[in-house]
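Note that the chains take the letters A, B, C and D in the order they are written out, and that residue 1 is the start of every chain.
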């Protein structure tokens, strides 16, 4: 193979060019538009305290959404996240009844999440079952256990220092939850975009067989992703339980679909292989802004969900329609 | 099956039954076919020849109604016809045995044969008994003894292929297209296929036979047409042409299929495998490999060669037996273990197993070497590009940029990426499974040359191949496998095509 | 590029926020009536009452709102947006007494008057709670309604709303307490229909299958009583099983006509909404909420607060074939 | 032939259901009376109808999460029609329900077919849109029993040969779709599309169009169920059948329908639905707290999918066996 020296350039497009054409930019434009529309629509919108309150509508969901984004990029899905919150919260409630303090509660919450995640992970990676079905099953199972434990009862009486996680403020209007959300966003951004692990996630999502044949421990990576999702559900359970100050089996009901919507809106390909954490962050803000803005106008939640649903289909359909009309 | 009488077909011999005239097919960014012409005559086998990307498969898809041409005419018996769907093509009497096994595992054999044109009973409902009866008829006609009511997934590869052929025959066709029909067949099955082609020819059907293999073409075809880069290059009678001319037409320059000459300086033993056994796939495999050696594995399709290699690479791990590398016993439970022990594997199925085609070139190359380009698990892009640049240069890759997705490359360049990916891990042993399957002649020679170069540098190479010239041209030593076992090990003077085939087919038994 | 845009907006935002943060907007007193879920007849009627009170008071704007399904999280989001709008008072019928408390505490800390009505909130999460009626009285009434029509005693079962409904649970406990006073009345089961028609219907069917000797189903919820009535009618057991409990005359008229329900009780939801609004208005304007203090409820009278800060509005009123026709067009 | 029947998934599931019913009967003999079993079947009818539609969608490698919302919207629309125009005969109401449901299903199908948006995203979106639309058109108000006409409410209850029309509708749907799925080109194309979309294209089947029809059928069945549900329970409101889509998917999974497409049958969907129906009805009867129901059905799904995966497992190539035979 002695041919003339040929230099292949590293890139044709600079990263900046690429960003400008990206999904995130489109989404950011949508977010800004919604922000501006909101500030015109309601006089109460541009208020620091109100905006701070608004973040609570999405921070807990977004924390899970980051782990879910990685899971979906790897080609799997976890529908049991909301049920893991319920079970973790129930476990924490039981710990309170047993007289444990805040540090133990946190361990119990995180531990329950991790155990649930491991259970999903084993079923999917060891037994080779499709994750969508497995987690439809565990979704019923985990919440079902909460119902068996709690029935029509509630756990309450959380220690007063426990309330900090869901109700505390770090500085001025900056809540603990919001700061946690930002830190987690940065951590996940780094994991996905800047580490070997993240690269493996993308490879697996694009072609699991190819990744395996490239020497990546596919099942181990997927198992870790299920663990992470469980862990994040544990964190969300701590925040939510602290914010509500009580545990009922119906806690966080229906969140799984909102979380997946957030992830997909953030530009993560539901079929796996592509997506970004900045996209999910912006999507979280978009959903939070829509909900909060419409809430200020006293629009019922279900009407907001129409907007979110239409947004979900619209932002995915628009580029495709545009492409279709251009090629024709 | 429809039988057309001999005199009827001989009448039409000189008049083409199907003509493509100036057909152009454009995809976004690619002109797959550019004003090509093709004539099919009744009772004759037309070989369509061309390298990968020449447009052969596109022609098949145009003829079977899967693609609609942008320009040009299709004439059936002299009349222009438009195939808007696969259904209209079938109705016009054009049927195809496709390159890929396009069958349905979960459906019954009968349904696989008749899907889309099943016999109907009253109320337009599918008539299952009639469908099974006619399936038996067709299967018997090609000498296949298959129960039409079983699910396809219960059949072996060879029988599946017979079902695919039966499906093509179930349509009362005047034109039969065979798109690389022998690719997945063993020696014996290929012979049977030839008989079938002869039979169809004698029935007066026009046959379009697409193949890479010159032996086949000269054995079976009456005429040839050559495409290159989506353009028509020439056609004529097979008897008027020789191999060199055809190759020249195909690649546009002179290429002799000469394998690189090598001086074999074999080093120490690097790999030894003892009594390697898998529950269902292979048993009692023992062999050794030396540095600088190219060890060929020959056998029929389904002899268990790929399965053995994938077990060595840690994909499957139900085995007993011992593997030693440099004399030390190793346990390989996953590909990751294999790579860290210096064994790498270039798989047969490039698109699915070899490369991750939706990721850019540099990421494919660095994927198994991330441990070296990164720091504490954090990616360092500059290091990655450095590594990718080094190895793409070494394999002489042709690509627009290292950031291009592998998907956009030709088969040959994709294969080069897979090889580069493994070289970057600095392996001791490289296993290549059908390394030149489905890549163009130019790239083929490059891969061969490169393989020789690697061996000369002291790398140990295992090459699985079903192409006898390649096996003979490249290997220092050849192991022949049959039905999951090693039946023979051949060197030097024993390395003759006949011997290989005899061992592989079980005609001559050793051990 | 995009980051720069974002920081600009954030900067601009905080400036605007600091200017606008303390500005009051409305001259009207704005009272939010937060219900368990929108669309339920009972609450629609309560909203009517609230409007009536607003008209009477003048200068009061009613924001009738709530989640679309009976969840605590949904109510919290609604309450957060009400806090953001800086309403003057919130009167809430809670889906969960504890989960709402932190959000409502926050509302109170921002100077919003908070009361609960119908279904209460934990004491620290509100200034007062208005019970539609006294809990023991309701508990007694629902058992009595069943007992009146089973002179020889027999099995009865309770079909409740969600297992977390504060008021339903309290009434059921009260009912159980007075049970010994009704000899022969035997409570065999308590099931939950979650205030969903179909689930309530199935639970009622399950009761009938499990307890063949069942004489009465008591449903202290308007959704449950309707569903149970439908289930009994469909099973052809009118006359055998009497469905009773709490229902709205407009919805129950058919059941009474068919005989599936002999009698049922309810307080006037219009009055309840009216009273809640009056209370919220008066407390917002400085009425005391200590134990024993009395707050005016307009035409209803005045509410006297007990040691838990609760007060009762009125007695439940019983409807049967003789009077249901007169009320079915009202609520 | 007999062997194949006995080892089939459907037969196994049937056996499990019979054992389950038997166990319940030990604790509570009245459970196996004909009238009670008929009642269980009647209760399960909506699930059966929806499971058939979902099965077809899953066969084509898609999923339809919007069925419950479709049901709620259709139910509300027909209920409102009934209130606004009490004179409209039930036949017309049913036709409107099926038509409207099919329209919503077709909308899903079009997005999947023409825009190539993944089905889970499409139906996640339309699920919230359809459900929200119920709120918008009804303004959140309930349509209650007393507002509906007798004729409107009577249809699902009308008894023919001792069984209500609700049950008959499910039975008829099972028969019709059994024929459609085994004996028509459309039915077989669903299997082909899900089993091997690539090959289906070569066999002249338009993959997208088949998926479109699958969604349309699923939608039509959801619409029909919408009317039946609203008239049977005599109430229409926003949250009718909320969360039911997961029960429907669960029924399909338990019934052996492969989420990867191409494998499944009407019988499987029927039995999967009945399995869930029996559990739902049996728990209160044998005095197990209803709070156990969720965990039990969750476990059933996990066990079912594990069993299915086991029976479908690719055993790899058997190369050696033939070698041993020839020796």
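FYI, contacts are C-beta pairs under 8 Å (C-beta built on N, C-alpha and C of every residue); 3 or more make two chains touch, one makes a residue touch a chain.
In this text, all values refer to a predicted model and were calculated from it rather than measured experimentally.
> Using the contact definition given at the top, which chains are in touch with both subunit C and subunit D?
The shared contacts of subunit C and subunit D, listed by label, come to A.
> Taking each chain's centre as the mean of its CA atoms, which one is farthest from the centre of subunit A?
Between subunit A and every other chain, the largest centroid distance is to B.
> Counting only Cα atoms for the centres, state how far subunit A is from subunit C in Å.
About 35 Å, centre to centre.
> From the C-alpha centre of subunit A to that of subunit B, how far is it in Å?
Each chain reduced to its C-alpha mean, subunit A and subunit B end up 43 Å apart.
> Please report how many Å separate the Cα centroid of subunit B from that of subunit C, as a whole number.
About 72 Å, centre to centre.
> Give me the residues of subunit D that touch two or more other chains.
In subunit D, residues 135, 140, 238 touch at least two other chains, as defined above.
> Could you list the positions in subunit C whose residues touch two or more of the other chains?
38, 68, 192
> All pairs of touching chains, please: list them by chain label.
Pairs flagged as touching, ordered by label: A-B, A-C, A-D, B-D, C-D.
> Per the contact definition, I'd like the list of subunit B residues that touch subunit D in the complex.
Listed in rising order, the residues of subunit B that touch subunit D are 64-66, 85-87, 90, 96, 98, 100-107, 111, 115-116, 118, 124-126, 128, 278-283, 302-304, 307, 316, 482-485.
> Under the stated contact criterion, what part of subunit D meets subunit A in this complex?
Its residues touching subunit A are 63, 65, 111, 115-118, 120-122, 124-129, 131-133, 135-136, 140, 238, 243, 246, 249-250, 253, 259-260, 289, 291-302, 305-306, 309, 313.
> Can you list the subunit C residues touching subunit A in their complex?
Listed in rising order, the residues of subunit C that touch subunit A are 1-2, 5-6, 9, 13-14, 16-18, 20-21, 25, 38, 63, 65-68, 71-74, 76-78, 80-81, 83-86, 96, 98-99, 101-102, 106, 110, 162-164, 169, 192.
> Which residues of subunit D touch subunit B once you look at their complex with the stated criterion?
179, 182-185, 188, 191-192, 195-196, 198-206, 262-263, 315-323, 326
> Can you tell me which positions in subunit A touch subunit B when the two form their complex?
Those in contact with subunit B are residues 1, 3, 5-6, 8-13, 190, 194-200, 202-203, 206-207, 209-217, 273-274, 327.
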